[in-house]
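Both complexes shown next keep subunit A, but they swap its partner, so subunit B is in the first and subunit C is in the second.
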Partner chain A sequence: MSIEIRQLTHIYDAGTMGEIKALDKIDLTIKKGNVFGLVGGIGSGKSTLASLIAGLEKPTGGRITIDRQPPCPGRNVGILFQQPEDFFFEKTLFRDMTSGLLHSGLAEDEVNERINSTLDLAGLDRQILDQSPFHLNRGTLRLAAFASVLAMRPRVLILDEPTASLDPMSRKRMVEVVEHISGDITIIYISHRLQEVIDVSQHLAVLDKGNVTFTGTRSGYLDWAAEQYGGEFLPVLSQVMYSLYRQGFDVDPDVTCLDDAVEQIRLSLEKT
Partner chain B sequence: MIRMYGHGRSYMHLLDPRTKLALMVGVSLLIYSARPSGLGVLLGFVLLLSRTCRLPYTRLIQGLRPMLIFFVVIFLTHVLFTSGEPLFEGLPVPSLEGVIVGSVLVLRFILLILYTSIMTYTTSPSGLNYALMFFLRPLGTFGADLAFMTGTAMTLIPGLFREKDIITKAQVARGYKPRGLKGFTALVVPLLLRSFRRVDELSDSLESRCFHSKRRYYYYRKTLAKRDYAGVGIYVVLVVVILFFF
Partner chain C sequence: MIEMEDVTFSYPSADPVLDGINVRVEKGEYLGVMGDNGSGKTTLVRLMTGLLLPQKGTIRVNGISTSDRARLLEIRKSAGMVFQNPDAQAIGETVEEDLVFGLENLGTPVPEIDTRIEKYLRLFGIRELRYRNVRTLSGGQKQLVNLAAVMVMEPECIILDEPVSMVDVVYRRIILEHIPRLNRGGTAIVHITHDPEELTRCHRLIVLSRSGIINQGTTHEVFSQLLDEENMDIPVHFAISRALGLSPVLTTEALLEELCRLRLGN
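Then we have the complex of A and B:
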């Protein structure tokens, strides 16, 4: 399930004085089963790109194909919007989570099975299904919204700032679920938290003012970022490892796990 | 009907918001007093304005869509309840007079909405607030509050449409097609939730910045420029042409 993006351009308010070119002739290939990180500043075009890949908007120019098919929301692609907990509307969480699935024409047994399995996957207690979504905390609701998108069994899943305004525990849980499901689903992970994106993604792209300024592997990104900004915006661990590497220590600057970093530094110190 | 403000440097954009608001009232009166042939001239004038401020016709017409049912109801009411020469033999309705009266009235409403769209598209929310406060000054604190409330509401309405789009997309992405009464709930509940939150945040931020109705809102007072007088001149010419020649 690879995603091909070719010459993708999107202009808001086209033809008016206030027209904004959100994306400018973007080319990207996202491989099947990968977690693809998308980073960039505010207004760089990340959310626009997410909406276009999800098939929720028509691009001004260019094309997007998911396994040579156009994107079809709710079928071959799912998207978890920013603050998805705002979109609940039913009296109980169960009714809310099942509404989309029932609309898709699935049998009740199949719907129940999907809801229960995705709730388990998200680490949520099944008892919350009887509660009103308006009485649940934000972290639980975010995971429930995530579960309801997963229950649609999309082959491509777009997560737009999935951990924004979540407490550390809920954030950790969200990242764990993403890591768990990656491999089966192609995930596009959009976040401002560089550490988080680097942790979960195998490939990354950097957007700047509607243009792709970098695309490549995680280690390639760390090299690129170190070269571009002197590592200033890299996660602290990467900055430390790069600094040690430059000072002649025998360490891998691309390491992202704290335990591995400690072990490498220890071995390097023993050698010296 | 109420378009979101689009930044620009057109003649309409550069007009003082007070002039635009005053002309808005003037044009509204003209729309209601013009004869059918005069309405044609006004339609041409509105389309010309839209062209000069680079608001595409398609987007201008989009603003009429929410009012479509209203237009149909008005038109049918006149067609069915206006007596006159029957269009079809043996049937008392529709009458030719009813069709004409209904069409003209719908055209008046369309013109009013199109002109309002152009005005809100070319006037920033703060400019609109300033103009409203200026004209409601005689009412004192009440006038200032009223102007602020109206201006804020007008600023938030396009935001509601944007929110509606986001919510629709989010529900579609969950496999839900917001249609019918059930679809209405799926749209309205999240919309109200997000709107109340937004308004709550807005009021908190205003209070945190010491907003108070008895205080002055603007430090800089605007002065009318030559283009504002030219705008009034164009309006006077339009009035004379439409009322006396059409």
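Then we have the complex of A and C:
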């Protein structure tokens, strides 16, 4: 499902002294099955854009369509909120994971089948369903929250900081699941971990004060970011490689894998 | 500053999260704590500030036992904590009220309160948020306000539980540069995170796992030992310099300097 965003504007508290223009006539097209990375600073408008695409708020101007339909949460679009595990409070994880699905009117058998299949997808043991969420670690709970959103079978999925506060193992698992489901689901990926956004996304957009300042492929992003803000929007590895490239080292600044970077630096040193 | 001796803690009807742990935070020290989800990092720092009490062992902050509940205010004056979940910390309706709350409780004179609030809002570049309702802020903005709300009290020790997990790169740099500056001014820091890039300026690191403290030492020592661990991240500069057989460095500038020197040598 492709997402068309045209002249999208959103103003909070319009007409009051505290009026805030969060988005200002932005245009974006997100292709079906792509992972689309969204990068931007605090107050850039990325959370507002996420909640508008998720259909949680109505824009004050412009429009968003998902395959020509308006966004409808729980139907054509799902969202994994920041730190979703903090909202688990039931006696068992099963009750936390299934309450939304049962409220949407699905039969119990169907709910069980969906939860079991998305738990498998997330690489989680089904036995955790009987445990209290208070006895499970954050990594497991985050993946379980992800599995319960996937069980809604959204065609468009928004992941808002899905790996914040996760250890390297859980982070790796989360990214693997995202890569596995992309192609079938269109994913909007929001994260402050630049390396991760670049690794996982086919296309990226940068928001700044409610405007789109960049949109394009990942290598286009690296070239753009190298010229901006003294390289602040580059991941650490790219900062190193761009700095070396500028110092005349024969390296590819767009390399994103550590082993490849080390090999290139080694070869470059040998050549001199 | 903080002494934890033979500390054991478990949540109701669960196995111990921490079992016989010993940790010391010296005055003016910058200590980093790493470890997987569920290894007890957050529990450790909640024990340090007396938010939780151990079933076994003792914890002292500036010589005061955290089980001495009558002296809890003294402990809180010495050690301030920034929580992982920004919503767990917001007290006031507006950002200003949030910052005033702690200072008023410490009996800070009113003109001093205003000066300090202005100083820390300016430091983090969030002056325009002063009168905003805390509930309308984004996750990253709330994290900044929480940091400011603890720093404004200027405690002897600041405990940071994933302080920049939801902050964008620009503010991340501002905060991460400010933490060592605070430390150089004499404030002890305990910094918990999964991101090793945040810990490059620590004096000492502790690595926790479900079986206890599995590694501790200077930042260089611990990162060197973690190089071969499959599921542990280490800073990019450190990994590159070690893979090239150079002495380990922790900044882009130091790595560039070393590589340019090598190139000239060739």
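Please note the rule applied: the second predicted complex is superposed on the first by the 232 of 272 C-alpha atoms of A that agree within 3 Å, B and C clash if a C-alpha of one lies under 4 Å from a C-alpha of the other, contacts with A are read in each partner's own complex, and residues count from 1 in each chain.
By definition in this document, a residue touches a chain if its C-beta (ideal position, glycine included) is under 8 Å from a C-beta of that chain, and two chains touch if they have at least 3 such contacts.
This is a predicted model, so every value here is computed, not measured.
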Which of subunit B and subunit C A:42 touches, first, second, both or neither: second
First (subunit B), second (subunit C), both or neither touched by A:243: second
First, second, both or neither for A:89, with subunit B first and subunit C second: first
Contacts of A:269 with subunit B and subunit C, given as first, second, both or neither: second
Which superposed partner A:220 touches (first subunit B, second subunit C, both, neither): neither
Larger contact residue set on subunit A - subunit B or subunit C: C
First, second, both or neither for A:164, with subunit B first and subunit C second: second
Where subunit A meets both subunit C and subunit B, residue numbers: 86
In the complex, subunit C residues that touch subunit A: 11, 13-14, 35-38, 84-85, 87, 136, 138-141, 144, 162, 165-173, 194, 197, 231-233, 235-237, 239-240, 243-244, 252, 255-256, 259-260, 262-263, 266
Interface residues, subunit A side, partner subunit C - complex: 12, 40-44, 47, 82-83, 86, 134-140, 161, 164-172, 192, 194, 229, 232-233, 236-237, 239-240, 243-244, 247, 249, 258-259, 261-262, 265-266, 269-270, 272
Complex interface listing, subunit B residues touching subunit A: 6-10, 13, 53-56, 59, 166-167, 169-177, 185-186, 188-190, 193-194
List of subunit A residues in touch with subunit B within their complex: 13, 15-18, 51, 54, 56, 73-74, 78-79, 81, 84, 86-89, 99-101, 103-104, 148-149, 152
